[in-house]
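Heads up, the next two complexes both have subunit A, just with different partners, subunit B and then subunit C.
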Partner chain A sequence: MAEQHLLTIDNLKVNFKTYGGEVQAVRGVSFHVDKGETVAVVGESGCGKSVTAQAIMGLIPAPPGRIVEGRIVFEGKEITAMSKKELLEIRGSQIGMVFQDPMTALNPTMKVGRQIVEGFVRHHQVSREEAQKRAIELLRMVGIPDPEKRADQYPHQFSGGMRQRVVIAIALACQPKLVIADEPTTALDVTIQAQILDLLKRLQEEQGLSVLIITHDLGVVAEIAHRMVVMYAGVVVETGSVKDVFSHPRHPYTWGLMRSLPRLDGEKQRLVPIEGTPPDLFHPPKGCPFAARCEFAMEICDRQIPEPTAFGGGHQAACWLHDPRAPRIEELVAAGRQTE
Partner chain B sequence: MTEVLVEVKELKKYFSFGHGLEVKAVDGVSFSIRKGETLGLVGESGCGKSTLGRTIVRLYEHTAGEVLFKGKNVHELRGKEVAQFNRDVQMIFQDPQASLNPRMTVEDIIAEGLDIHGLARGSRRERVTELLQLVGLRKEHAQRYPHEFSGGQRQRIGIARALAVEPEFIVADEPISALDVSIQAQVVNLLEDLQAHRGLTYLFIAHDLSMVKHISTRIGVMYLGKLVELAESGELYAEPLHPYTQALLSSVPVPDPTVKRERIILKGDLPSPANKPSGCCFRTRCPHATERCAIEEPVWREVRTGHWAACHLYAD
Partner chain C sequence: MSHYLAKRFLMMLLTLWIIVTLTFSLMHAIPGDPFASDSDQLPEQIRANLRAKYHLDEPLPIQYLLYLKNLIMLDLGPSIKSDTRGVNDMIADGFGASALLGAQAVAIALVFGIFFGIVAALNRGRWLDYAAMALAVLGVAIPSFIMAPLLINFLAIKWPIFPVATWGTWMHTVLPSLALAFGPLAIITRYMRASMIEVMNQNYIRTAEAKGIPTLAIVVRHGIRNAILPVVTFLGPLIASLITGTFVVEKIFAIPGIGKYFVDGIFNRDYPVILGTTVFYSSILIITIFLIDLAYTLIDPRIKLTNKEG
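Moving on to the complex of A and B:
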């Protein structure tokens, strides 16, 4: 049943060995991406969102990292069980990746045109002329003016926003079914970010792409995504359509995130921060990882990790407040809603 | 009208790279900061906002123009006046990791200013404890090193250090940009509380427009070394005059999927500050640019009461 999704992540667990012990960066993450949709994974630094993306691409450096448990299934094939060679066939051709920092993602000594089609040439046997033609076509597609000339330039001759367009062109070179974008606009200025988000949205719609976008910015999520996955301390705490999660957040962490954001419109109100800091993932808590910072924490929260509760339409939250035995849930949810 | 604490007049800061290459990082900026207010300064990377902040606190020598702090030209202070200025004016930096000496304990970091200015002699430890508690840290933290803290806690240490010498004016250069969303709100609330209790004046430099709007009394918008607009924060957001401010505000993603706004997408990129366009520096990306904009530089004028802008659209 789960196999009909384009990408399914099932109970993924990833650990990293360090001198200080083993960090449990991802601790049982499950979600899926369907064809033609944009899914956003949001969370703060260290919540495991980038590690999840790297695992999908088979880019977890091992050692020190290792996938302890779980499956990643792409188009019915299990990525986690693939050999290196099989992985190479999928990576770049079926799944494209856009990284955060376009300067470090590009090779400074290679002309942009050649970089763009490097993967294309590898996956399809094509002549030099054809490759160059394809590179120019891709540059035009991502909105780089004068592509014939630009293809023969080096990355340092491009501005930050233009470089990110090149990185997107590389990701799209082989017409992948899925593009994973890890904080694609974080390194960019806000006017350039608007350009890149527009571009991603346009390409997604025109080409029927699936996009998995990793971000910490709820504004970006609201602009671009259809569904969202909220992560905290290596686990998924809430998931659902962007509309549902923004209008009826069900997890105290999501409430906290939304309340701590200042709004451009509307009156000035005192910000409500989430007190405390995320837990230490060398020794993750036995119960709900958010319990220590949660104003509604109950006894059970420290003892046992809650299972996700479904609210219909794919909206789920992992919180004990939604257990039928939990007290005062209606008032608590109402209190959460007031803060929107 | 409240008292003016800092007055910046036609301030310029050029960096020279030899061979006649010069970057006009701050190019003729004038504004004033009133006592007790928070002036927000926004703009994209490379617009000169950090250079402006650093030139105001004398971390950089200025090229031309002047900065008056309590009526005195800060770049002409000598001897004891410099020491007093360094007490009155403090800075909070963006990266709390890089701005704390990793080989000093928190106590020594916070007390460094006290020692230099000969304050709190004999009560150094008590004073540090007091400062730690003020910023929401604990007494035990004094003997630890910066690496033992999280990003938000480190920023609190940076704030405690700035407060140690009891300044009147604090330049906060992107103080929350390196922090996670849930931690940003903690630090912003702390800054607001400190301002309320101690009557501090802030120059708050940031690129996150929603946070700047939240914390600022008035906001200045910079583009390529120039101030293009300055107004009360509510008015700036409700009725931005300069086309750049309009585009900047419309570019901010709103964390609300039900809001669908008309976005102004700017063409192209920021021109190089070493090679600025003639006339109005924004004209290459401006949707309203005319011939006049290429020839003549717009004048910085008060378009409405308290609302300044530099744009030909609002010339007489």
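Moving on to the complex of A and C:
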């Protein structure tokens, strides 16, 4: 069953050794990406979303990092069990990666065209002319004007948005099945962000790509993703289609995220922050990691991690409130706690 | 570009002129003169004649102008102490040997320094790193006049692979080149290690990894070119000082280089030799620095010699 997905992450746990102890950055994450869909992983800084992305690429720096437990399966093959050599074959050719900061993601001393096709040349052994042709074709595909001239320029001759287009071209050079985009718009101006998202969306649709986008920006999720995975403190708290999660968020953390967003419609109101800070991942809590900040926290929340509850259509949330034994939310509100 | 080159050339001449002027003033501020040590033996009249011959009886400004006039015609003047040979001849005779040793030493230091630096950076915190760093500390700490006898003892006497000293075949150049190279090699290793560690942590190295490029190719294609600038900077003064000869190593190996003239000239108050060697060294340094600046622009496309294009 699970093997039908393009990418399956099953109970992934990643730790990092530091001088202060071992940080449990990812603590049992499971989700999947199907062919031709865009999945967004959402969460605040340090929730383990980028580490998850690195793990898929086999790019977790080891040491200090190590995958403690869990499997990552791509097209039926287990990435987590692969040798270094097998990983090199998959990286770039089957899975492409778009990085966060286009200002530093390109080598300043190598011509842009050559950087774009470096992976293509390695995986396909093509001639210089063919490589150059491919570079120009890719530059044109990501919407860079005058690609013949641009291919022979260096990154410092490109603007930030242009560079991010180049980074996307690099990720797509070998026509990968999956593209992982780690905060692809965070470092860009708002107008450029929209352009880059449109580009990713267009390429995803044209080429039937699967895209895994890592972001902390719910606006990006709404714009581009089909499904979303909400992470908090190294675990998945809620997952489902973007429509379901935005219209019926089921986890108190997701409620908090939604309430901290400004709305264009309806009355103007103060944005509500989520009080407190995420838990210390050197010593993660035994129970639900959000319990300390949750206004609906119950005794059980501190003691035991909740199992995901399914709501149909793939929508799941890991919260004790959805346990049949839990009091109804209406009762909690009536008892003086507030929500929306 | 040609505009820049013309400007740059004028600046180089200006620099050289300032160096000559400063050296000339400082040199005449040292007490004594070329004939001070002979004063007991020399009759007053001969002494005066000698001074007149080398224009030392003229006022300093006149001497200065005379020197500049000769310098413009590329004549560095006579050596007062060896009256048969001019400073030009001394440099012409000795520079070949010194430059050969210097060039070999620079090449050894560069190749091995970069190699050890990269190996250390890639194995950071492991024994290869510690070994390279230990070598680097030794290289900085052991002066060439200790290194040279050690090399002679082991590679010429205990295992007689190379000749002990003197000049002749290429085999004679190996030990002095090694002795000269050791210190700079250590410094280059340290520079290369530090900048390679920094470069390998850059995001564009992650990008290359994500393309599926093997580590060795990443180091060669993305690492070295970005990490090498500090080494290139160090190379300017290094080349100039090594190819113009070194007093100690040339003395130990009895090499007919120009290193000794720098020191002998000062002891003898041999004014034309002091000025001549200084001018020669400065010219080489200025030219080397110019070449290094050109090298920057080849290595890093973001660096331009001119503000404007062209």
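Operating definition for what follows: the second predicted complex is superposed on the first by the 325 of 340 C-alpha atoms of A that agree within 3 Å, B and C clash if a C-alpha of one lies under 4 Å from a C-alpha of the other, contacts with A are read in each partner's own complex, and residues count from 1 in each chain.
Just so it is clear, a residue touches a chain if its C-beta (ideal position, glycine included) is under 8 Å from a C-beta of that chain, and two chains touch if they have at least 3 such contacts.
Note that the coordinates shown come from a computational prediction; the quantities given were computed from them, not determined experimentally.
Visitor: Both complexes share subunit A, so when I overlay them there, do subunit B and subunit C fit or clash?
Guide: They fit side by side.
Visitor: Quick one: subunit B or subunit C, who's touching more of subunit A?
Guide: B
Visitor: Taking the superposition as given, does A:295 touch the first partner, subunit B, the second, subunit C, both, or neither?
Guide: neither
Visitor: I'd like to know which partner A:148 touches here: subunit B for first, subunit C for second, both or neither.
Guide: In the superposition, A:148 contacts neither subunit B nor subunit C.
Visitor: So in the superposed three-chain picture, is A:123 touching just subunit B, just subunit C, both, or none of them (first/second/both/neither)?
Guide: After superposition on chain A, A:123 lies in contact with subunit C alone.
Visitor: Tell me the contact category for A:78 with respect to subunit B and subunit C: first, second, both or neither.
Guide: Touch status of A:78: no partner.
Visitor: In the overlaid three-chain picture, which partner chain does A:280 touch, first (subunit B) or second (subunit C), both, or neither?
Guide: Touch partners of A:280: none, neither subunit B nor subunit C.
Visitor: Contacts for A:261 in the overlay, against subunit B (first) and subunit C (second): which applies, first, second, both or neither?
Guide: First partner only.
Visitor: Give one of first, second, both or neither to describe whether A:307 is in contact with subunit B, with subunit C, with both, or with none.
Guide: It touches nothing on subunit B or subunit C.
Visitor: Mind working out whether A:205 is in touch with subunit B, subunit C, both or neither, as first, second, both or neither?
Guide: Neither: A:205 stays clear of subunit B and subunit C.
Visitor: Based on the superposed arrangement, let me know which partner A:86 touches: subunit B (first), subunit C (second), both, or neither?
Guide: neither
Visitor: When the two complexes are placed on top of each other via chain A, what is the minimal CA separation of subunit B and subunit C in Å?
Guide: 8
Visitor: Report, in rising order, the residues of subunit A that make contact with subunit B in one complex and with subunit C in the other.
Guide: In subunit A, no position sits in both the subunit B and subunit C interfaces.
Visitor: For a test of understanding, state which residues of subunit A touch subunit C in their complex under the given definition.
Guide: Contact set of subunit A toward subunit C: 57, 59, 87-93, 96-97, 99, 101, 104-110, 115, 118-119, 122-123, 154, 156, 167, 170-171, 173.
Visitor: Can you name the residues of subunit C that touch subunit A in the complex?
Guide: My answer: residues 202-204, 206-214, 217, 221-222, 225-226, 299-302.
Visitor: Looking at the complex, which residues from subunit B come into contact with subunit A?
Guide: 44-45, 150, 152-153, 180-186, 188-189, 192, 207, 209-211, 213-214, 237, 247-259, 263, 265-266, 269-270
Visitor: Write out the stretch or stretches of subunit A touching subunit B in their complex.
Guide: 44-45, 159-162, 189-195, 197-198, 216-223, 242-243, 246-247, 256-258, 260-265, 268, 270-275, 277
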